[in-house]
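Two complexes follow with subunit A in common, the first pairing it with subunit B and the second with subunit C.
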Partner chain A sequence: MNALHTHQALLAAAERRAVAKTTRRHVHLSPRPLVLVGYHLAGDLGAPLALMWGTSRDEEPHCTVVPEPRNRSLRFEALAGFAAEFLAYLSDFESRDEAGVCLDAPQLVVPNAATADWLGGIVGRFTRNLRADGDSSAPPSVPLAGKYLSFFADLMPGSSLVLAATDALTTHWQTGQLPSEDLNLAALLGWIDPPAGMYAPQAARAGEASPPAGPESDPNWDAETLAELIQEWHAADDEASRSAIRRELAGEIREQLTPAWADCWRALDRLDSLPAADHVTSRWQSDRRSWTGHCDRVAEGRAYFRNIPTPVQDATRLRILEARTEDLQREMAWDDPLVMAAVVASGEALAGRVVRTDAQRRTQNGNGRMVRRPLITIEPALEFARPAGTTLFLSTNPGVKLEVLPSDGSGLIRAEVLRGANQNTTIGLLPNLGDEVVLSPYGKPEFYQRPKVEYIPWTHQQILEDEPEESQ
Partner chain B sequence: MTAAEAAATTREEIWATVAAGTRSTLVDSPPGAGKSTLVREIGRRAHRRTQVPIVVQTNDQADDMIRGFIADQRRGAAPVRAGRLHAGDYVPPVDLRAQQGLAFSKSITDLHDSNVIVATAAKWATIGFDRTWPFAIVDEAYQMRSDALLPIGVMMESLLSVGDPGQLAPFTTADDTRFRGRPLSPMETAAATILTTQPATARLALPISWRLPSHAANLISDAFYEIPFTAGTQPQQRRLRCGVTPLHRGRTADAVNSATRHGWAYLELDDLPMPQTDPDAVGAIVDVVKELVDADITVEDEYGTRGLQPSEIAVGVTHRDQRDHVRTALQNIRTRTGVPVDQVVVDTANVLQGREFEIVVVWHPLSGRRDASQFHLDAGRLCVLLSRHRQACIVVSRGGICDQLAGHAPTEPVWLGETTPVLDGWHAHLTVLDHLMRNAV
Partner chain C sequence: MTNTSGPLESFRGEFPRQPLNARRVAGALEAPGCQRRTALDAAAVNLDKLGSLISNSPKDRQSPFAITRGNQFEQQVVANGMAEIVSLARRHLGLLIPEVRQHDLSAAALREAYPGVTGTRMNELRERLTRQRAEEMLTDPAQAYNLIRHAMTRLDFGGEIVYLEQDVLAFAVDGRIHVVEIKSYPRIDGRADPRKASATVRQTAVYVLSLQHLMVEIGAPPDVVSTTTMIVLPENLFFRPIAVTIDIDMYVRRLRRQLASVPRAAEILDAIPVGTRLPAHPADGAGADELTAAAAAAREALAPLPPRFTDGCVSCPLFHHCRDEAEFHRSTARLGSAVAGACGNVTDIAAALALAEGRRAPADASEAAVAATLARGAAAARFATGGLT
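Our next item is the complex of A and B:
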């Protein structure tokens, strides 16, 4: 764990309040998110029990329940109810700008990452290829909604198309409890947003007492309430008593899910209280582009999802994933002094005051030519124990690349500019005497154009013994 | 049969397999078993038929490969025109710039008349796939990720892959959950991939480690390798002698003494949980290094007798910030005392893979930790750190490693569909620790 985050966790525990880890908000917040909570049957991820959703906190949320979650037709009937409204919500984001990119993209807000994984990974996966004809068919809206859910399952770091409230909150605040305890949204909000007059640990304990935010339900409630209602459903012999049981179940479920639904909105409020970081817009733009791409694939009937991607697809995906992971880290540090402070605390970045500059310095390079290498001398705010030769970048201007020179034993750090501020046109970017600067390990990302591997080469073609003979 | 003859027989076998046109050949090699020598020899023999691409993993490895070709020629091998294909921002090392028969270029078209072309896998991936080669050699196939093998497979029609199965597996900085347990996951090693897709792969092993001295070969072979190997040298062939007997006594001096006499030393600090960049461990390592440089050590081996250079000493660590702290401390000593301790190579296990030194000082991966995480338990990491030396190895650690190993159950989830590693990190660590305790100072 990072030294600053450890300090913040101890501080939070000592002061009995959550401590800010950021000064700005690093996720995009949609003006019209779809908040979505749900349960599945205990031990059966493929059997949704209930979903609750809505786009406004002032409205009564919609709710659909499956009175017997193991019954496929009842399951599809309930999912069709959700699918219709889900697709209606998504259809609001179809209009495009002149470049053909959707003007805005939808945003799903769920209480935790487990719910996001369940909806996208499990519900999306088992519904996206359902047949709408033949025996035990599903309504056509269900597989279509499954394709959209699958899209939301397959997101990159830095995407805000799906916000898992616990993840978004722990990115921005540090609690004084264990990371595993932070997975409980109600307890986490107890730390971050305690009711007036209550200390955070107390509010967190109160939060733990509320019904779970899903996708797993409370086993006691399962035993005492759910099992009984399902039994009654089976025992009922006419439609009227079945609808009565369904209504009763819906009422019970609402009671269980409403706290999590309300907590999602509370989480959004807390996040909204922070000003958006600079790179949030560009990341959302990339979200809009991937949303547009998905809409195009759906429209052209090409929205396929492989259960097992090919080696070529996996390799491409891993490369993008690695790049996006680094981009997010970098952008958050550039945008937010408190995030950068953690990098300084870890010793990777150097913070300090410029005590000397030599903009005209010239020195011999590897080829024996004299080149301009301006020098700045920094009095470090924290001990900086990186060796000579370490390359760093000016945090306010990551195009400026510097190299740490051998220490002269004075405790001051000398760094020469390798590029970005060594020409007459760029020398203005050199920090001035007395400036407080941060030199970080984050430079501008480099782009490599690579030829695309078009087919799977012999080294990656697995010959399976049980593969059927090629058909004529 | 002598060790040298046994090794030569294996090399002939490998050449026969390649020359027979086998599509995929995999050679397992223990540390310092002449893997690079093999690659160069096969390259030199195969180029008579066609140009041979050689795929390595890092620029350092590529430069070392080129140096090997030059050294071979000096020893009388038939000259080959070696091409070094590189990225745009690469600067050739000073010692290679003026060499004859060597071509450097960032474009493959400039190297059409080279007999062998050496480049990193990352560079090979950029050259466009309109050309193919009938045969290529992949070095460090256990260090190479499966996704890096994709473009190689597109361009090369048959492959000789060479690697050390005891090395560190490839890794990613991204969340790799979605790739785990998949058939042909991009996180697999290139060697594992080719074994899966080409069950007919010819598998051979080099039997003898030329690098490790006999007292280390047995331990490393027992603790880390499925196919056992032995040392190529006799115990009396390798020796270290101190030119200066230190006036001050202490554990640092004892560690250097034990290392010069027995080839091993274990310096244990107080049992304390500490941050990753434990300043006492840095201090202890730096003291050992300074003692080694000050002791005016003479190296005796099968090539003769010579003085130990600081650049023949390495410090192996686990994390980059540990590396930076040790480097800074050594630079400070250089500034203060003028002793050239900053020429000692300090790097992480990942970077030290495939390199060789006379003496290696190891910062134990579990030192000062409170838990034994998968990353730190990785048998490959410990194996790399303990198998870089030709003469002696000094391990520095906080105490309590035995308790860590005993007290922490595995935390990694079991990934369905993933083959379990042949090597158990726990067992390897205990075997090594047991051995180290006998050399504690």
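Our next item is the complex of A and C:
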């Protein structure tokens, strides 16, 4: 664990409050998000029990319940109700700019990653290809909504199209409890946003007592309330008593899901209290582009998703995933001194004060030519033990690349500029005497196209079992 | 009740007993190094009751819907003379089963033939019958049953005999016994929930190991029991069963090593003050005073048993109690294994912070290392937020 985060966790526990891990907000917040919470029947991922959603905290959220989640037509009826409003929400994001990119993209906010996985990976996955014609067909809005939900599944790091509240909060705050306890949104908010006069651990305990945020319901509630209502539903023999039971069930479920719904808004408020980091806009732009691409595919009838990706698709995805993860780390560190501080604490980055600069310095390069290599000397704030020859980049200007020179025994670190600030036009980017600087391992990413994965790499070779059809 | 009265029984006293099953044996081994859990397991204490008594919270039961669905799936898989299992075993385990001769050793199936046998005696009977059937399988494969349901095997856990009920034992013509486990969580697009899958593997390892012990007891080589086991799961969201074969040899060996270290449970209890024992569990409908008194007595009995608080503890019935304790002692373990590991032998949160801020001088080299690391983290944060001044 990073020394900085370890120290913050200790501090959080000692001071009984969450400690900020960032000084800025690294996710995009939509002015009109769709907050979505839901339950499925215990042990049965394919049987949604209830969904609750809305775009404004001041309005009563919409809620749909399935009085018998194992009944296919009741399930479709409820899903169609959700699908219609979900598609209506998404249709607000169709207008485009001159370049043909959607002006804004939708944003789904869910309490935790498990809910996001369930909505995209199960509800989306098993509704997107349903037939809307023929026998026992689904309402046409259900497979269409399934295609959209599938788009929101499996997003790349740095995307804000779906915000899982617990993930977003733990990126920005460190609590003084177990990492697995942070998965409970109510408990996590107890640390980050405790009610007045309450210490965090106490508030977290109070949060634990509230009904689960989904997608699994409370087993005790299942046994004591839900089982009985479902039984009554089966016993009811006329429409009037059925709709009475449905209303009662909706009331019970609202009671269970409302805390999670309210907590999602609280999480958004906490995130909103931080100023947005610089790269949030560019990442959201890329979200807008992928949203545009999906809309195009839906319009052209090409919105297909593979249930099991081919090995080449898997390898390609892994490669993109690695690149995006690195990009996100880099951008967060550039944007946020506290995120960079973790890199300084780990010893990869150098933090200190500039005590000498030599902008005119020239040295002989490998070909014997004299080249301009400005030199800065830094008094390190924290010991920096990387060897001579380590390349670093100016954190405020990652285009400036420097190399650490051999130590002269004074305890000062000397670094010469290799590029980015060694010409008359760029020399102004060099830090001034007395400046506090951070030299980090994060340079500007290279812009060359990554080679396409054309053959199956050894990591993705499949061992064919006795039955090739099993892998389909 | 067991007939011996060692330190384990005397510690448990009048508190309700809960015989161990495969799931709990596997669960116990997920908390390595926790002497408290080891002692309670070896003493077969009812952990759920103990947990809800001391933290005064209702026990989290399993949802009735999850139970129903699990039962439905199992019924479907074993319906029609286990036709599905047989066909899956032929395909996935490569078993040549020309003729299926199956036998059900469940308590319900035996009750007719052996009226009046209940409780521990029923377990012993089922275990004896399993042993006989297994011997027949090896000595007379042409006549013996080759598919046994609800077989019962034994395992020694800290001196306590644990009876384990297996789903299916399949026997092949080539002379090896395979374990088949039926689970109801789905495999979706070729992938099952990794947490559930690993729990299943650990649980199945408990069965395989107990069968290997049985083989040794009847004088057969233990590798008659194949470590390649077959897990039957529903495919996607439908009830169509599919099978996955997996070689769990590694888990069986790990389990054997872990079990070998369990008998020290009695030693753990030897080390605590004489006469420490759990209270009797208050009867249903007992008053609040009685519950509070019993909870206090239980906490006192647990106190001398050293816990080891880690990330995995959330699934333990005693989680809330141990968490309160860790919090009370201001232990770094409260923050999870990563933080506790980084703090090394400094186990107190206040002491770690004092070291980081230089308010306390490190006592030894390892404390000095912890102090240096934490001070570095703190200094980096200060530099980032306020500059050096």
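Here, the second predicted complex is superposed on the first by the 447 of 472 C-alpha atoms of A that agree within 3 Å, B and C clash if a C-alpha of one lies under 4 Å from a C-alpha of the other, contacts with A are read in each partner's own complex, and residues count from 1 in each chain.
Following the convention adopted for this analysis, a contact is a pair of C-beta atoms (placed from the backbone, for glycine too) under 8 Å apart; a residue touches a chain by one contact, two chains touch by 3 or more.
Here the structure is a predicted model, which is why all the values come from computation and not from measurement.
Look at A:122: by the touch rule set out above, it reaches subunit C but stays clear of subunit B.
Using the contact criterion defined above for the overlaid structures, shared-chain residue A:302 touches neither subunit B nor subunit C, since it reaches no partner. By the touch criterion stated above, A:220 is placed in contact with subunit C alone, subunit B being left untouched.
Once chain A of one complex is fitted onto chain A of the other, the partner contacts of A:3 extend to both subunit B and subunit C. Of the two partners, subunit B and subunit C, it is C that touches more residues of subunit A. Judged by the touch definition given at the top, the superposed model places A:314 against subunit B, while subunit C stays out of reach.
Touch criterion not met for A:369: it reaches neither subunit B nor subunit C.
Once both structures are placed on chain A, subunit A residues 3, 308 are touched by subunit B and, in the other complex, by subunit C.
Interface residues of subunit A facing subunit C in the complex, by the touch rule stated above, are 1-11, 13-14, 23, 41-46, 121-122, 125-126, 176-181, 201, 217, 219-220, 222-223, 226-227, 307-308, 337-338, 340-342, 344-345, 351, 353, 381-383, 436, 466-467, 470-471. Remark: subunit A residues 3, 157, 308-309, 311-312, 314-315, 318-319, 321-322, 324-326, 346-348, 366, 385-388, 390, 406-409, 448-451, 453-455, 457-463 touch subunit B in the complex. Contact residues of subunit C toward subunit A in the complex are 58, 60-67, 69-70, 91, 94, 184-186, 188-190, 236-237, 242, 311, 313-314, 327, 330, 332, 334-336, 338-339, 341-343, 349-350, 352-353, 356, 373-374, 376-381, 383-385, 387-388. Subunit B makes touch with subunit A in their complex at residues 23-24, 91, 125-129, 146-147, 149-154, 159, 172-176, 179, 182-187, 193-194, 196-199, 275, 277, 321, 324-325, 327-332, 335-336.
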